[in-house]
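The first chain written gets the first letter, and so on, giving A, B and C; residue counts start at 1 in each chain.
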Amino acid sequence: MREVELAIIGGGSAGLAAAVAAYDNGIRDIVILERGAFLGGILNQCIHNGFGLTEFKEELTGPEFAARFIKQVEDRNIEYYLNSVVSNLTEDKVLTYQNSTEGVVQLKAKAIVMAAGCLERSAGAIALPGDRPAGVMSAGQAQLFLNQFGYLVGKRVFILGSGDIGLIMARRMTLEGAKVLGVAELCAWSNGLNRNMVQCLDDYGIPLYLSHTVTKVVGKSRLEKVIISEVDECKRPIPGTEKEFDCDTLILSIGLIPNNGLLNNLGIAQGRSRGSEVDENFETSIPGIFSAGNVLHVHDLVDNVVEEARVAGINAAKYIKGEKLDSEKDIKVTAGNMIGYVVPAKISSIGEDKATFKFRVREPSKNVYIVYTLNGKEIKKVFKPVIIPSEMEIQSLPKSLFNGESGELVVSLIKKEEK
Amino acid sequence: MKELICIVCPRGCRLTVDDDLNVTGNFCPRGAVYGKQEVTNPTRVITSIVRIEGSDLAMCPVKTSAPIKKGNIFKAMEEINKVKINAPIHIGDVIIKDICGEEGVDLVATRNMEAI
Amino acid sequence: MKDVIIIGAGAVGAFIARSLSRYTVDALIIEKEFDVGDVTSMANSAIAHSGYDPVPGTKKAIFNVKGNRMMKQVSEELDVSFIECGTLTVALYDEQLPMLEELKKRAELNGVPCEILTGEQVIAVEPNISKNVKAALLCPTGGIINPFTLTAHAVENALDNGLHIVFGEEVISIERVDGYFKVTTNKNVYESKVVVNAAGLHSDDIARMIEPIDWSVSPRKGEYYVLNHFKPGFVNHVLFPLPSEKGKGILVSATTSGNYIVGPSSEWVEDKDDFSTDALTLAEVKRQATDMVPNIPFGEQIRVYAGCRATPSTHDFIIEPSKKYKEFLNVAGIESPGLVSSPAIGEYVVEELIKAVLPLEPNPNYNPFIKKYIKPQTMSIEERNALIKENPDYGQIICGCEKVSLGEIKDALSRSLPVNSVKALKQRTRAGFGLCQGGFCQVKVVNILAKSKGVSPLEIKYGREGSEIVIEEVKKEAM
């Protein structure tokens, strides 16, 4: 069995960034396994701009952003295999992958970075009511058909979900000749970035129906119409509020799920993000198996993905070199009031001088504090005039605040008392 | 006075532009430029695809090298729709010079596509 | 002039065709959809019932028990997954215990092996079942079957043995002319000595084309959840509540692919073409299922579906010649346990009903086996490597969720039974059946299908007529 120092599952933005970081930290024996025909992953079909403002200080399109990382990987001669699907991973870090040229290959790695990205929630996952005709598909699928193969999946389009890919596809399909009739969002707020609301919907006069959902899909063969209804505070459809849209296509942008089957199969605990629980080094409960990027928690910006993956890559390098990663992870981190999830799940009370937390709030809020409590004692609060679920929050605390204490750290949102 | 959401970067700052074109609410200087521009002469970068021959994919992604006038978006698409290019193509290769007659703004490739 | 026309390529029509292919006949299957098994046969509970439930002496009881006994051999010949996991019919309340005893008596009268397990015994084999369980009837010969390949492979076998099939043809009239039948479809006119009506939900409509009938078939819809194959052994048997007048109740079961299904509801509908799901019905399915299995992880839900049972007004299968013509055979009202009964029904229809009106000579080339499908996932790494070396397509994964290779897809596309749609390919190979529901692979599948058929992706359908997936090419001016 071939042995390598570092195997990276996924050659998208996270995998490439982790590989480069590990290389630059002294690891040479690296293999990237990418299931697609190109490095760069989903960025290749995200032809819109808005990538790279933090990483490269300029605004790039998805393929351009990917190309920069591909070049970094190629400049370092890092080994990669395309069209290679990893089908199994063991606790001993033996992974099995296959492609048509090498066949089925088993690889034993000293460390693994899981960087397999995420997948789109399907119509079935939300039990979309009504018929199940052709013409109902995820935004990413419509994007792939259009941007790589030149096919429009429909001419009269309705969109369910205000996730960024849905908004981006509203604009893309409009520019390419389709009529986009509207976007329905179950929440009372948009789940996409503000800029996408402006430049994808407002620019083209596409209406957004907040607190609405699709209550019936109609069509025996191809989609014929959708009926949407307003929902109450409990997200239940309100009878009598139905609106009908004659359309041939329903694009779904209803959330992304970490593509984390390989680690779930190992029994590694799942966090509320539906990725594996990791510590501040992005190491899972199995030493030497790291996870970063959208397979860990779904990001809104690729710049944050590569930053996170870089940290995972550096720590994987340290692990391989036998450098002790931070001592015992003695603080458990949990999401408290109005917080959807927090990454990481565990940190060390000592070691690095600061701890970084990434989290999302459950609903948009104004004039709030993000409050950190360690064993019930408030150690820090951060004022936020505005905070919204569609923007991941990243905050760091100096570890000196922990006073070497171990236990449970809770991140919560508390409304500022009105004067 | 006009309220805007800045689209320069994904941060999406909430800007206020007063009648004298003073911008507030911006996190970075680019927001001020955007705010002023958006109320006087709004512009957008257009990203799309063009047909490519001799590559393993049918379409090559493209963008305008700088923002074009908002009113020119669909006119630009008409030009983009007619173009056909041949592989190999590299990021930054100019596909349409001075798109919509906007001087210095080109349609450029955004992906490296090898010939097969 | 055909010897036999079979109307409908559901499980029943498929097994009639297969049984008929033992003989040298000129026979044609007419299917109105673009795939076999495309209506009731694909949207059901996928259970090979043991036969404990039908009223003794009924056709349902007879064909169910016989079909169940045939299933092992059939599944081997036709290369179909069949897992004899046994069924448990569960009593959650003390007052249900007498009903369980009744059911046991019925099972024994039907000749079905069974035993009653105590609550403790049930919990020992089904750790996720409700701790309220009082007892259950274990029928070890019940099992689960792949309903998609059961029908498809039976038809493939019939075609291999010389039968023919047409798709997308709907029978619009049947006339008796000079001792034969003239069968008119939306596309063609056929003549045949014998007609078998296996038109499922529409079998009463077909029967009425030649004579008035005193029975009918009504659609009774059932809605289901499908969960991902999150871990093996969440349930080990097919778990049924006690049956009621509405049917066998809401079951929780694994499928042969390791997924789990929860359902079905039972609701009379007007439209024979109504396969819609709705939130309230599914919520009730969930409620009833969690009475029996409290911790079903619905977060693993990947799909919902609905099927319509072809429920006969007679309460029993209708398998008999029409009143006027002994050469016109109605095989109608085959609701549950129709799937498991279909091999036995097929054999009976051919041996007893067709043979009575048509002399049949054995087919010297008859082979009950189809060519085995290569399943790399069941092979050792060495075997897979030898396979990929010989044919690299088996190394290239198209569906990442279900790990379906290009080689398996090409194999399905090379068979005597055509693959006419994305859905047909999905049901033959499982490409698109996983967590992402084709989000990643459907684009590839459309391109592969288009290439294999030599057509544009614009012509590739998801399932039915008019179900194209992409509808326009952009930048046509630049082509």
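Assume a contact is a pair of C-beta atoms (placed from the backbone, for glycine too) under 8 Å apart; a residue touches a chain by one contact, two chains touch by 3 or more.
Everything quoted here is computed from the prediction, not taken from an experiment.
Here A-C and B-C were compared by C-beta pairs in contact; the pair with more is A-C. Closest to the protein's overall CA centre, chain by chain, comes A.
With centres taken as mean Cα positions, chain B sits 26 Å from chain A. If each chain is reduced to the centroid of its CA atoms, chain A and chain C end up 38 Å from each other. Inter-chain spacing, taken between the CA centroids of chain B and chain C, is 52 Å.
Those residues of chain A in touch with two or more other chains are numbered 146, 148-150, 176. Shown for chain B are the residues that touch two or more other chains, namely 49, 51, 59. Among the residues of chain C, those in touch with two or more other chains are 474-475. Contact residues of chain A toward chain C in the complex are 35, 83, 85, 87, 96, 98-104, 106, 119-120, 122-125, 127-135, 137-138, 140-141, 144-146, 148-155, 176-177, 215-217, 220-222, 248, 257, 259, 261, 264. For chain A in complex with chain B, the touching residues are 37, 44, 47-50, 53, 59-64, 67, 146-150, 175-176, 193-195, 197-199, 203, 300-301, 391. Those residues of chain C that touch chain A in the complex are listed here as 225-226, 230, 273, 275-279, 282, 301-305, 381, 384-385, 388-389, 392-397, 400, 403, 406, 435-440, 442-443, 447, 457-458, 461-475.
Every residue of chain B that touches chain A in the complex is listed here, in rising order: 4-10, 12, 14, 44-49, 51, 56-59, 61-63, 70, 73-74, 77, 91, 110-112. Across the interface of their complex, chain B is touched by residues 474-475, 477-479 of chain C.
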